[in-house]
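Dropping the structures in below, format is structure tokens.
Each of the two complexes below includes chain A, the first together with chain B, the second together with chain C.
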Partner chain A sequence: MKILVCAKQVPDSTVRVKVAADGRSADTSGITWAIAPYDEYAIELALERKDRDPQTTVSVVTVGPARARDALRQALAMGCDEAIHVTGADAEKAEGLAVARALAKIADEAKPDLVLCGRQASDDDQGLVGPALADVLGWPHVATVTRFETVEGGTDVWKEVEGGHEVWRASGPAVLTVQKSEKDPRYPSLPGIMKAKTKEIPEKDLGSLGVDLNAPRLEIVKMEPPPARGGGKILKDGDARAAAQQLVQLLRDEAKVL
Partner chain B sequence: MIPLPGREQREIAAAVARFAASLAPRIEAAEEAGAIPADVIASLGAMGVLGMTVPESDGGLGAGSVAFALVLEELAAAWASLAVGVSVNCGITEGTLVRLGTPEQKRRWLPRLIDGSGLGAFALTEPGSGSDAAALRTTARRDGDGWVLSGRKMFVTNLRYAPVVIVLARVGQAEPGRPHRGITAFLVPTDAPGVTVAKAERKMGLHASDTSALALDGARVGGDAVLGPLGNGFGPVALAGLDSGRIGIAAQAVGIARGAIERARAYVGQRRQFGRAIGDFQMVRFALARAATEVSAARMLTLRAAWLKDAGRPFTREASQAKLYASEMAQRATRTAVQLLGGYGYMREAVVERCARDARATTIYEGTSEVQRLVIARSLVAA
Partner chain C sequence: MKVWAVVERGTRDRTGAHGPDLRRVSHEIAAKAASLGDATVLDPHGSGERSSTVALAAALTERAKTDRPDLILIGATPAGRDLGARLAARLGWAYASEITDLKVEAGALLMMRTMYAGKVRATVRAALPAVVSVRPSAFPLPPDAASPTTEPIQVDASAEKLGFQRFEPTASATGRVPLGEARVIVSGGRGLKGPENWKMVEELAGTLGAALGASRAVTDAGWRPNEEQVGQTGKTVSPDLYIALGISGAIQHLAGMTSSKVIVAVNKDPDADIFKVCDYGVVADLFEFLPAFTEEVKKVKGAG
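Entry: the complex of A and B
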């Protein structure tokens, strides 16, 4: 089986994002970058399949600026077989739909049996690229996937739903957008890191893939941090009983949580 | 060439840092229980950490001392007890096996020290011999094809997790003026008859790191248990092994200090007194600035020694300098961290208290600060 995983490099989840001086973008100077968490789960799911079946090959692709190469190196160190970097001047500001179109070109070439994406990237939480990619490819899409198995006549896909899961069957190639699953993504192994060093990561220029990078366009016009939290209330007066009464009253009338 | 880590070395360190960070919720319980959980050792094996310094031809990664120093720093920044276990396994135990072992000895033992099923141990210290290591009294006597070992070893790191322990014993008698005479290293399986893993010590810090006594009561080992030169093992085994081990302790001290200072840094940004974050006060800022600078200086000394070792150049003095400075620095840095956290710093929950206790051992093991000064001085002035 041939699997293509699409991954995005985003600010690491431990980074405290600050609004840049222009008031409409995040200040990315000096921050740590990482593979988006759900994309890591997608890589893990693909690698688990490879663990069970060594014939499986896992390719990983990203659309992003030069720094995104680090995300690909990490994916290789985790155990992916090859990586493709779609980059160039347009890669930094490409929007979801343009990214999906570019990924479709890569998928056309690589001809995978399955494409795995994270369900959404943790920077913009749009959740668009996976379904849009399926649409551009004309392939079916299954969301919130936690597991898949090859069966006679296709692939069975475990899809998380409220209170349980459903098993869907795809008869041919499909795009799966992956949910957090029980098994956490593996750490890059040291041999993996040393092996990744020797692997070439081919670069493709986004501008020359022949995809429409323009319409329809969205732009962020304003970014605001959440309002600073006000100081709490401290009930100091009276004995425990009086304080408890006061607390209940505040929870009911002011906070309206009771 | 300057001893700065390259990209691959930094990536290895970053991967280990990430793994170490994931252990945070479990560390307190493991320290209470006084043991490193088996699955943590197994994970280090699976990641390739436990064989990282073993050459590829012997089944390891051949990653070198610089990468290893960075890895130990990361482990120690998160959890010093774990760094100690890894340091002893990879440094002195595997290192000695790789340098002096026969192909058969390597084939038999290295895989078990690499795969995460246990951690190797090295037994030198005895009740009557510490800094004066050559005064050891454990004996080895020929018996048929094999050897019989008798004696007591103390303060053996990892012994409880070890499939094999390298034991320094004397073959024949010591002679006046030739205290090293007869000293020989033996690979002793911990399940050999006559071998007892005795009492685990209760220590000031490093609670999850095992430090146990080893009793050898006529312990029988095969003729193939001799590791390195027979009767002349003190220099090539004990002294050479300690040189490398010292780089490991230096790296560990850098990590412990850095971990404590990082925690203090986070705290002073949040803790408010007199209407402002205490990190706004110059005395707090200066304390952090000094500690952070000393951490950097210690790291450079450590990486220099590691780099010399990787380059195949002499590094005895540099290893001692790194160990001496880094371990003494770690006392100051962890003390600063505890002080900056004030009352909270003295509490278990804040972790810097653990850092301070763990750091204390670094001026003592693998040669005390006094021994390091002796080694350094000897390289400067003829006796």
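Entry: the complex of A and C
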């Protein structure tokens, strides 16, 4: 089986995101970057398949600026077979639908059986690229996937829904957008890191792919921190019963939520 | 302005199939659509069949060709976010997911939404036509709101290369209110010490009619199913009341729940970060406090 994973580099999840001086973007100076968490789960699902079936090859692709190369290096160190970097002047500010068209072009050339994406990247949190990529390819897609298995007649895909999982069967190639799944993404092994260091990562220029980069824009007009909270009432003295009574009274009479 | 609201029906317990009732967020977007202009409320689940996102998007795209709406509103449930993205791509329209506010200004949409997993909020602008998924509770329903008149949409799944096989319920799922739409959430963390102690959490949640949430530490440990996780790589929630039990308050968790109206935190560590965002905090041993609190809540609830 041939799997293509689409990954994006975003600020690491431990980063406290600050608003930049322009008031409409995030201040990314000096921050740590990482593969978007759901994309890491997508890589893990693909690599688990490779663990069970060594015939499986896993390629990883990203559309992003020069720094995004580190994310590809990380994916290779985790165990992916090859990486493709789609980059160039427009790579950082390309809209979701344009990114989807670029990824579709890569998928057209690579001809994978499955394309895996994280369900959303933790920067814009749009969750657009996976379903849009499937639409450009004319393939079906399944969202919030936690597991897939090859079966007679196609691939069974477990989709997390409220209260359980729906199992869908794709009879041909499909795009899966991956949810947090059972296993945590693996850490790169030392031999993996050494191997990844020497691997070539081919670069493709986004502007020369021959895809339409005009897409409806979602323009950020203003960015701000969430409203400040704090200054809450802390009950710390007295026994449990007294605190329980006091809290119930506050929730009922002051907050009016009981 | 022509506005569509695409509604969703709630799922039946233990079968995962669509039941007869519209979800709360569907009522909310139908009312919002009516307030924005000439509204049509479309129901692709009327037949009770389980359709793939592709088939739903295709049916709605066909209808949009003749109806020409300016704006399509969809509830930002897991299914709604999925459909919204595919539909926007199919139509080639602008798309914004999980918006929390929206107005039309000079022929464009101005919307509020969070970014970076809830760490910042942004005002965004998109040209019309557009598809937008709306976060539950963003437009609270007036108490006297009438049920919308819905129009069924025929979905043809015969050409699909994707077929539904079966539904596998999560063993520990309680069939309660979906987390994203719950008005009250009781969330447990590592301070509960083990899955066997969730009986206490469930009892409080049952008394309050609340949904169950969990911290990442708890879902990672396998104490609770992943779908209950609140925060980054889980759900972003904004209930009227969020009760955090034994949760220390990692930044990834806080990002997913700080827009709750009232936050209650119970933790034995007075320095826990969760106390920095709470409205009411209790520094106490959970195992002493929680049974007493549940009992007191029962008294109040019983009284009226």
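The criterion applied here is as follows: the second predicted complex is superposed on the first by the 243 of 258 C-alpha atoms of A that agree within 3 Å, B and C clash if a C-alpha of one lies under 4 Å from a C-alpha of the other, contacts with A are read in each partner's own complex, and residues count from 1 in each chain.
Note that contacts are C-beta pairs under 8 Å (C-beta built on N, C-alpha and C of every residue); 3 or more make two chains touch, one makes a residue touch a chain.
Note that the structure is a prediction, hence the values are computed from the model and not measured.
Upon superposition of the two complexes on chain A, no clash is found between chain B and chain C, which fit side by side.
Put simply, if you stand at the Cα centre of chain A and look at the Cα centres of chain B and chain C, the angle between them is 120 degrees to the nearest 10. Contacts of A:Y187 after superposition on the shared chain: chain B is touched, whereas chain C is not.
In the superposition on chain A, A:A77 makes contact with chain B only, not with chain C. In the superposition on chain A, A:K111 makes contact with neither chain B nor chain C. Touching more residues of chain A than its counterpart among chain B and chain C is C.
Contact with chain B, but none with chain C, is seen for A:K197 once the two complexes are overlaid on the shared chain. In the superposition on chain A, A:I234 contacts chain C only, with no contact to chain B. Following the chain A superposition, chain B and chain C show a smallest Cα-Cα distance of 9 angstrom. If you check the complex, the residues on chain C that touch chain A are 11, 13-14, 16, 50, 52-54, 57, 77-79, 81-82, 85-86, 88-90, 92-98, 110, 113-127, 130, 160-170, 173, 175, 178-179, 184, 208, 219-220, 226-227, 229, 232-234, 240-241, 251-252, 258-259, 261-265, 270, 275-285, 288-289, 292-293, 295-297, 299-301. Residues 7-8, 11-12, 15, 18-19, 46-49, 52, 61, 63 of chain B touch chain A in their complex.
Interface of chain A with chain C (complex): residues 11, 13-14, 16-17, 19, 24, 26, 37-38, 41, 96-97, 100, 120, 122-128, 130-132, 134-136, 139-144, 146, 156, 158, 160-172, 174, 177, 179-181, 184, 215-226, 229-230, 232-236, 239-241, 243-245, 247-248, 250-252, 255, 257-258.
Within the complex, the chain A residues that touch chain B are 73, 77, 187-194, 197.
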